[in-house]
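Structure record follows, encoded as structure tokens.
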Amino acid sequence: MNGNRFGRLFQVTTFGESHGEAMGCTISGCPAGLELSEEDIQEDLDRRKPGQSMITTSRGEPDDVSIKSGIQDGYTTGTPIGLVIQNKDARSGKYEPFITAPRPSHGDFTYSAKFGTRNWGGGGRSSARETVNWVAAGAIAKKLLAREGIELKAHVNQIGDVEAPEVSFEEIKEHSEENDVRCAHPETAAEMQELIEEYQEEGDSIGGSIYFEAQGVPVGLGAPRFDSLSARLGQAMMAVPATTGFEFGLGREAREWTGKERNDDWEFDSEGNPTPVENDHGGIQGGISSGEPIYGEVTLHAPTSIPKSQQTADWETGEIKEEKVIGRHDPVLPPRGVPVVEAMLALTLVDFMLLSGRLNPDRVDDRPGEYDTDYHPSNPNNE
Amino acid sequence: MNGNRFGRLFQVTTFGESHGEAMGCTISGCPAGLELSEEDIQEDLDRRKPGQSMITTSRGEPDDVSIKSGIQDGYTTGTPIGLVIQNKDARSGKYEPFITAPRPSHGDFTYSAKFGTRNWGGGGRSSARETVNWVAAGAIAKKLLAREGIELKAHVNQIGDVEAPEVSFEEIKEHSEENDVRCAHPETAAEMQELIEEYQEEGDSIGGSIYFEAQGVPVGLGAPRFDSLSARLGQAMMAVPATTGFEFGLGREAREWTGKERNDDWEFDSEGNPTPVENDHGGIQGGISSGEPIYGEVTLHAPTSIPKSQQTADWETGEIKEEKVIGRHDPVLPPRGVPVVEAMLALTLVDFMLLSGRLNPDRVDDRPGEYDTDYHPSNPNNE
Amino acid sequence: MNGNRFGRLFQVTTFGESHGEAMGCTISGCPAGLELSEEDIQEDLDRRKPGQSMITTSRGEPDDVSIKSGIQDGYTTGTPIGLVIQNKDARSGKYEPFITAPRPSHGDFTYSAKFGTRNWGGGGRSSARETVNWVAAGAIAKKLLAREGIELKAHVNQIGDVEAPEVSFEEIKEHSEENDVRCAHPETAAEMQELIEEYQEEGDSIGGSIYFEAQGVPVGLGAPRFDSLSARLGQAMMAVPATTGFEFGLGREAREWTGKERNDDWEFDSEGNPTPVENDHGGIQGGISSGEPIYGEVTLHAPTSIPKSQQTADWETGEIKEEKVIGRHDPVLPPRGVPVVEAMLALTLVDFMLLSGRLNPDRVDDRPGEYDTDYHPSNPNNE
Amino acid sequence: MNGNRFGRLFQVTTFGESHGEAMGCTISGCPAGLELSEEDIQEDLDRRKPGQSMITTSRGEPDDVSIKSGIQDGYTTGTPIGLVIQNKDARSGKYEPFITAPRPSHGDFTYSAKFGTRNWGGGGRSSARETVNWVAAGAIAKKLLAREGIELKAHVNQIGDVEAPEVSFEEIKEHSEENDVRCAHPETAAEMQELIEEYQEEGDSIGGSIYFEAQGVPVGLGAPRFDSLSARLGQAMMAVPATTGFEFGLGREAREWTGKERNDDWEFDSEGNPTPVENDHGGIQGGISSGEPIYGEVTLHAPTSIPKSQQTADWETGEIKEEKVIGRHDPVLPPRGVPVVEAMLALTLVDFMLLSGRLNPDRVDDRPGEYDTDYHPSNPNNE
């Protein structure tokens, strides 16, 4: 089985199981000359890490990242960046009842059926712990994008039936990290928090969704038809654990709009280039970025591991039995999913920036010429 | 720009523009020994072709497919299958007003901005005409899947605000081709038809959606995490022209379900294997097929080319002007999109069947041994 | 089976069998704005085509190429270029003795054993006729490279035991097309011609080799380690039909050189950049182009289809029999292999030019800015 | 830059620099159910490791491999296998003279010119230290191949002008590890050793070559044309550091053979299948394995880092200077290259075994059916 690699030019390759020794990923295709430290990556890892609030799993993982290669004197060298994150707080004992009796709607059965075995501790490879790798790689992608004037951000816009009103990109940047739910609308966040706690008390869990937006994306990203920007975003977001839906622009609502209503007329921008009057198209036209903000939503179903009793079938004993999942689990996924969605958005965009030649695949420093005798970060006399 | 290839082991590579000389695709990775004729492919092409009813474009394309390679004596040889479909009824004159003044929300602007040029006749490469290639390739994929007991079908389940009630797979197979809308619920189909005609008369267009389902998919397809079955279906479906949303299982609705509600308990099937009691998970668990039917929905926005007057900005003259798109266009996309969605589903599944080793990549005939002296379709004395 | 695609960003996908209806290929990843006509491609096809001299097969194929897509008003549009070349002079009858009795050292047996069938007419997919596609695609690659100041050329440097002395790049360009053998050293060419005719008269064939060289390649192409320039050239050249060896720089001779002898000292060029004093390294250091000419050799074994009687084993009848291959075949491969080797060299280099960002993947015209309102080849008023 | 991934279904992704913190690789696509321990991998690493004899570098690296994921209870789980190997004995100080003055014919200049920087300690990413990752991954590939009856082995067949006579596969297996040179012909090995020591004393180095052979390869591996077995072997072997030539079968010698001489007649084997009388074709016909042993040779040039004084050009100071490379380096590469060549051969073959469906990509255990309730290595009661 493969499936552990994302990206064509900016490639991320991951390994690791929830209760294994370590998680890790290798990033190749990152241009040389990018300033990069472990702190740059750690910041996003801290947003994703467990135990950060009452509504996340209590597993205690510091998620300290260690860079093993690809950096010299604080700059990337253009060669593969190896990252390792140790697993510290794994307690597999709690999963023993489920070794041969799969948890409902989890990957237990399908992994075992496919491979004839599986790493059962904490979900093994099927655990969302894997996304620690994605967020680490995504942090590097974000740094590259920021250099090119591309900013992106996500927030939680629905939990159960509590839906946030539309908020601006500025509001998302300002407010989404102010509360544990990561909803940029404070009043809604409070309501969501309450709802989550209710389900948590009942031993149940609840679904929700994440809104994402990217600004500053240049015109021209996307390789229609099979590799259009929307198709590759679709793959990226549908890979996020527990995702059951991806929408961009009007999304599902577009079913009820007429062409006249949805079409965005053209006018000229201040530089005399055609620019759409509105952005009902969500920043992508004909599979290629239009220069307008790219926005969309991802639906995440409720966590499947719940304390409530559920029926399972033990293939070893032939018994039908009722079991409770005792491990430490999140009652809701979107709050910790926000940095994951941002990471997948960043990884998708940086790949297209490289594919379209808008980002130099060899080096990002702005030194002229094919070869520069002046610049060498490895040279102590370098000026 | 690439973007014209789909699939990892079952690879489809396409070319062609709406008003160019011909469309074509090359299929590689189709095992040897499959019985295949042009008629097998034509059947699906006829379901997609223009001019088939009052609610499709009146462009007259017979869409006759010609197989150029990869077949001998009626069987595939395991080598690349070259297909060519001539374009017959192209009238580019109607697009002249839009050469330098992009149609609203179409790919005109983004293609021109990316490439500094574009094939403007009928939308060129950005036209949905490209999907004739997908449907042709998909027909071959379907034949392979049928051999393995996998059946799949789609129908139109919403147009504007007219939504079809849930129908069974059997009903879809029986009824979806009975009406021009391709909705398997006859009464709803009639309502949809009426609605479409209304918008058509107004010179407008309308959005809608397609429901798809696959049965008989074995347990174990999908390569989590980035290449999970849901992620690759996401890419496949989001590549369909005009798609703004992809959902599987409960889709967007999963936001409001609790874990207890959505989780599918386990019981034993008649052979003593664990099987889920329900299928709220949509046939995919942990990114891998569970053996249950795979189902979902795709949202297609309203066609952007409408006779109603719209505002555009001519970058050559600097003028803002009102224009009507005079070409022959569909007032709604899902009816002709049904075979396209089926094709992308088939291409995704057959690729995973090969990737998982459940389908022999070299040959599909069931003759024993590495080498069989008896069988040669090229041998007239073959028995 | 796949294997019909070459290149990562500049992708060539081929189809066709020797005695099928047509050969064809799709090129994707060619930037927009390149002037391109069928004549540009035809020139190289004519150098490869059969029947051009007494020492090539007498099969009469005009090999006229038809461009089906990707071009508008004489310029590429950045979208896939579909090419089709009809097969005109196929006479399969002569191969009937070999349907179930494989020709010695040909692909007859391995294709049949792998697929349980094969297209037996003229070698089907295993025939070197396939290289017509490579040469067509290579012609486009050469045009792109020429724009960037990269020139490449090959000639025949050995046939049997007749070896040409070293000749300069200028001599290769001037003399290699002056004789039927395509050897740039006229006296050696005459000797080679004589030798080939001798073997031809005996009903036998003979091996040989091709020397290739590229000049003007910028420093920095190649992605060590697995995708180093030498590794990808190795793949490209070893794919050429009948190749049994690939060497670059000193090649096999490097076995006997010491480090001191082979190492190229550094000096400064006129611009003050380090440049090697000699080029024993063959233009590639550490897997990356050094800016020096890239050169090497490819060995092609003798054609396997010979009029001389050979022993085969008929798996249908169980008989051992002596057979002569009556078809029209070349007595030696390098003369027609020259444009094929050039094509593979060009395809490899253009891919790395794109991968390294030295060639803009979207467009090659040198207009400034992201978007130019002035230039549209499709616009009759364009200036 | 990418270039750190090898394989299509059996994928190896590497990271690490010579004097960095650690080397590492991730293997994905290894089927579940293979018994695998660190010892299995260590054995080959010990054959490659530095300091094993007088004719290898004296750098002291234990090269202990640590498996981070993908294994449970001693069996692979089908999920990515993460391997890390710490670097222990790095002394970068010796490379300071070369930070801005490239070593002759090394990758110093090309890496710096491409990336505007490089990891200069010990050659950084361009060092052959990277092959520790290849050998680790190759050890897993070998285990899989052995299960399928495929055996492979290499030995040193030429150093300088000392060439070994032809030896059998059995002799290679028996004798190649008996001497430090890894030449299976003991008398030649002694001569080679003497020659190497001579050059070593002079402060120089010398080139050489490796012969490889694989037995038990089934008929049918290879995907002509671009991905033929010979093309992919070509890429694999040309990626080996310091390689300047790859040959299989008769290799370069095929230039002088006639078709009649080189062609291998057919007879029947004991089971009545066609089998070639000889194996001058080297186990590959038409790009596909013929069932005969696959054999060939790889030429490695002399190590470029030598104690002898050489001229370099310092781009920082503008000086031309004479420098000696003081680091610890091998005087000859083939002895330690033997396990590297074996690894690349194994990785190429296992990939084709998976691609051809001859090896199950999900699991290698021979349990029947889609799903087996009996077997779970994770289940203590498993029988």
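Letters are used for the chains, namely A, B, C and D, taken in the order the chains are written, and counting of residues starts over at 1 for each.
Criterion: contacts are C-beta pairs under 8 Å (C-beta built on N, C-alpha and C of every residue); 3 or more make two chains touch, one makes a residue touch a chain.
Just so it is clear, the structure is predicted and the values come from calculations on it, not from any experiment.
*Asks:* Select, from B-C and A-C, the pair of chains that is joined by more C-beta pairs in contact.
*Replies:* Output for the comparison: B-C.
*Asks:* Which of B-C, C-D or B-D has the same interface as A-D, meaning more than half of the contact pairs match by residue number?
*Replies:* Within B-C, C-D or B-D, the interface duplicating A-D belongs to B-C.
*Asks:* Based only on mean CA positions, could you tell me how far chain A sits from chain B in angstrom?
*Replies:* 28
*Asks:* As a quick test, compute the distance in whole Å between the mean CA positions of chain B and chain C.
*Replies:* Using C-alpha averages as centres, the distance is 36 Å.
*Asks:* Would you mind pulling out the distance in Å between where the CA atoms of chain A average out and where those of chain C do?
*Replies:* 44
*Asks:* Counting only residues that touch at least 2 other chains, which ones in chain D make the list?
*Replies:* Residues 1-5, 9, 14, 113-114, 125, 219-220, 272-273, 315, 356, 361-362, 370-371, 373 of chain D touch two or more partner chains.
*Asks:* Which label fits the chain touch graph of this model best, line, ring, star, complete or other?
*Replies:* complete
*Asks:* Touching residues of chain A toward chain D in the complex: what are they?
*Replies:* 1-5, 9, 11, 13-17, 20-24, 26, 28-29, 32-33, 66, 68-70, 72, 75, 77-82, 84, 99-100, 112-120, 124-125, 315-316, 361-363, 365, 367, 370-373, 375-379, 381
*Asks:* Give the list of chain D residues in touch with chain B in this complex.
*Replies:* Chain D reaches chain B through residues 9, 218-220, 272-273, 354-357, 359-362, 370-371, 373.
*Asks:* List the residues on chain D that touch chain C in their complex, please.
*Replies:* Within the complex, chain D touches chain C at residues 1-6, 14, 101-102, 104-111, 113-114, 125-126, 130, 158-161, 199, 204-209, 219-220, 222-228, 230-239, 241, 243-252, 254-268, 272-277, 280-282, 285-291, 299-306, 308, 310-313, 315, 318, 320, 356.
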